[in-house]
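I have placed the structure first, in the form of C-alpha cells, so that the comments after it can refer back to it.
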Amino acid sequence: MKELLDPDLIHFAEKLQLPEIVVDTKDMPWVPFDEKTCHFKPVRFDFTTGTWTYLFKIKPNQVLTRHRHTGGNVIGFNLKGQWRYAERDWIAKPGTFIFEPPGDIHTLITEDEEVITLFTLGGSLQYFDEENQIVGQDDIFSVYKKYCDFYLKYGLTMNSNLLGK
Amino acid sequence: MKELLDPDLIHFAEKLQLPEIVVDTKDMPWVPFDEKTCHFKPVRFDFTTGTWTYLFKIKPNQVLTRHRHTGGNVIGFNLKGQWRYAERDWIAKPGTFIFEPPGDIHTLITEDEEVITLFTLGGSLQYFDEENQIVGQDDIFSVYKKYCDFYLKYGLTMNSNLLGK
Amino acid sequence: MKELLDPDLIHFAEKLQLPEIVVDTKDMPWVPFDEKTCHFKPVRFDFTTGTWTYLFKIKPNQVLTRHRHTGGNVIGFNLKGQWRYAERDWIAKPGTFIFEPPGDIHTLITEDEEVITLFTLGGSLQYFDEENQIVGQDDIFSVYKKYCDFYLKYGLTMNSNLLGK
Amino acid sequence: MKELLDPDLIHFAEKLQLPEIVVDTKDMPWVPFDEKTCHFKPVRFDFTTGTWTYLFKIKPNQVLTRHRHTGGNVIGFNLKGQWRYAERDWIAKPGTFIFEPPGDIHTLITEDEEVITLFTLGGSLQYFDEENQIVGQDDIFSVYKKYCDFYLKYGLTMNSNLLGK
C-alpha cells in the first residue's frame, strides 16, 4: 500500500513551508490608531489577501466614527470590557465572538470600561460624516503605516515576524 | 485501527456540505459593466469574503480608468485577445495567468482585438481621475447590483446558483 | 461628482449582506474533543472554505498526539496557561499570537496550568503514531460532528448562528 | 477634507505590496500528475493557505480515482472538452464554472475528447479504493513536488514566479 505521506514528501515540505509567526503581545507598546480614542498592537499583516489582525483598545464611553466594511469582513473576539453597535441590540462582553459580513455599516460604542478586542479585518473601512459622505478610509497599508510611523518616531525595533518572513 | 474516514462521518458530512455551484456561461447574456467599454458574465458572488468571479469582456483599443485594488487582490486567466497595464511591461495573451496584490494601481489597455478574461476580485476597485482623486468605486455589491438591474430590466431569470444557495 | 456610495447601493446591500454571527462563549458548555485531554467551544464553522474557529481547552501536563496540518494553516491567540510545541523553542503565554503554515507537524505540550487558546484551523489534522503512520484525522466535519453528538446526547439546543445562518 | 488616499500612503504602499505573478502557460510543458491519465501546468502555489491553481489536462475516456476534497474546496473553469462527475447529473462543457464545497466526494469521467480545466484547489485530495479505504492523498506539497521532480529530471528552469516571490 502506498503510504499517505511518504518520508520524502515530509522532508521536501519542511524546506518549503512558510515560517511561522509568533508574537508576544504582552510587552508590545500600544500604537495610536487615531488621535486619541483607539490604540492597537498588530500581530499579523497578510499582504496576499489584504487582511490584518490586531489587538484593538478603545477608551471608555466613546462613540467611534460610523463606517462601512467595504469588500471585506470583520472577525472579532472580545477580551475586555463591553461594547455594542448603535445599529444592533446585542452587547459584546468578554468571551463574545463576532463575525460581521462585508458591507456592514456600524457605529461602535463603549461603556464605562476600557475595551480590548482581537480583530481580523479585510477590505477597507470607510468612515462617514453625518451626511453619509465618505470622509476617510483605512486598509492594510494605512494601518501598517500607522505602526511603522510610530515605531520610527520612537526608535523602536519593528517585528518583521508580523509579515511571516 | 481507527479508520481515517468512518462511514458515519461521510454520511453526516453529505447532509452538511454546501451546495455546489455550476454555471454554464456560454448561453448567458453579457451584462454592461460601464457605459460602453466592458461587459461581464458573473459566475460566483461570495458574500462571506466579498470576492466575486466573472468573465470580463473589453472592447478593442480601450484604455480603462486607472484604479486601485483597495483591500483585495486580483486573480486572472486570460482567454481571448491581448491586454497590458500601462504601468507594466508584460502582455497578457490567451493562456496568461495573473495575480495582482492588494494595493495595486493600474490602467488596463486593450489592443486591436476584443478581450475576455476570467477574473476573481476582492476588496474594492477605486477609480482615479487625472488629479489622483477617487471618483468612483466598485465592490461585490455594486457589481451584483449591475447584474440584478440588467436582469430585471430585461425580465431575465437570475441564477440563484451564483450565490451557492 | 458621482458619489462613492450612493444611497440606493447601501439600501440594496443591506438586503443582501449575510447575517452576522454573535456567540457568547461564557455560558456555553465545553464539548469533549477527545477521550479526556481536550475540550472546545465552537464559535464558527465556515463550510465554504472548510475552516473553523473554537476556544480549545487542554488539561495541564499533557502531550497531545503529534499531527500534521494538511492543506490548511493554524491561527491561534493564547488566552490562558502556557504551552509549547516539542519541535520549537518558543512558549505560548497569555497574549501570544501564533500562525503555523500548512504542512506544519508538531506536538503540543502543556505545563502545570490548564490552557485555553482561540484557534482558527483549515484543512485537516492528521495524527501520527510512533512509526509516522497516520492513525486518524479531523476536519471541519468531524469537529462539527463532535459538537452535534454532544449537544444531542445531553439535549442541548444547538446554535445555528455558528454557521452564519 | 482629508483625502481618501494621500500620496504618501500610495508611495508607502508601493514599496510594501507583494510582487505580481504573471505566468504564460502556452509554452510551458505538461507535467505528469499520475502515471498516465492526467497532466498539469501550475500557475500558482499559495503556501500561506495551502491552495494551488493549475491547468489540468485529462485524456479522453477516463474514469479518475474517486476522491474526497478534505478540508478545502474546488473551483474550476472548463476550457476544453466535456466531463462529468459520476455522482452528479450535469456536464462541464467549455465555459462551465464549477464550485465544489469542502467534503465533496466524486469521480471525474471524461468523454471522447481531451479535457483542459483551470482548477484552484485547497485542503487535500484523498483517494479511495473500492472498499472506501483511503489509498493515497495529494496536497499543495505533493503537487509542487511532482512539478519540481519533473523539472529537475529534464533540467528545466523552474518559475519562481509561481510562488509570488
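First chain written, first letter: the chains are A, B, C and D, and each begins at residue 1.
Definition applied: contacts are C-beta pairs under 8 Å (C-beta built on N, C-alpha and C of every residue); 3 or more make two chains touch, one makes a residue touch a chain.
Note that this is a predicted model, so its numbers are computed, not measured.
> On C-alpha atoms only, rotate chain C onto chain D and read off the angle in steps of 5 degrees.
That rotation is 180 degrees, given to the nearest 5.
> Report the chain whose mean Cα position is at the greatest distance from that of chain A.
D
> Give, as an integer number of Å, the spacing between the C-alpha centres of chain B and chain A.
About 26 Å, centre to centre.
> Per the centroid of Cα atoms for each chain, what is the distance between chain A and chain C, given in Å?
Roughly 18 Å separates the two chain centres.
> Considering chain A alone, which of its residues make contact with at least two other chains?
Residues 4-5, 13, 16-18, 47-48, 101-103, 134, 137, 141, 164 of chain A touch two or more partner chains.
> Show which residues of chain B lie in contact with chain C when the two form their complex.
1-2, 4-5, 8-9, 12-13, 16-18, 46-48, 134-137, 141-142, 144-145, 148, 164
> Which stretch or stretches of chain B touch chain D in the complex?
So the residues of chain B touching chain D come out as 3-5, 7, 10, 13-14, 16-26, 43-44, 53, 68, 75, 77, 79, 88, 90, 92-105, 118, 126, 132-134, 164.
> Give every residue of chain D touching chain C within the complex, in rising order.
Interface residues on chain D, with respect to chain C: 47-50, 70-73, 101-103, 122-124, 137, 139-141.
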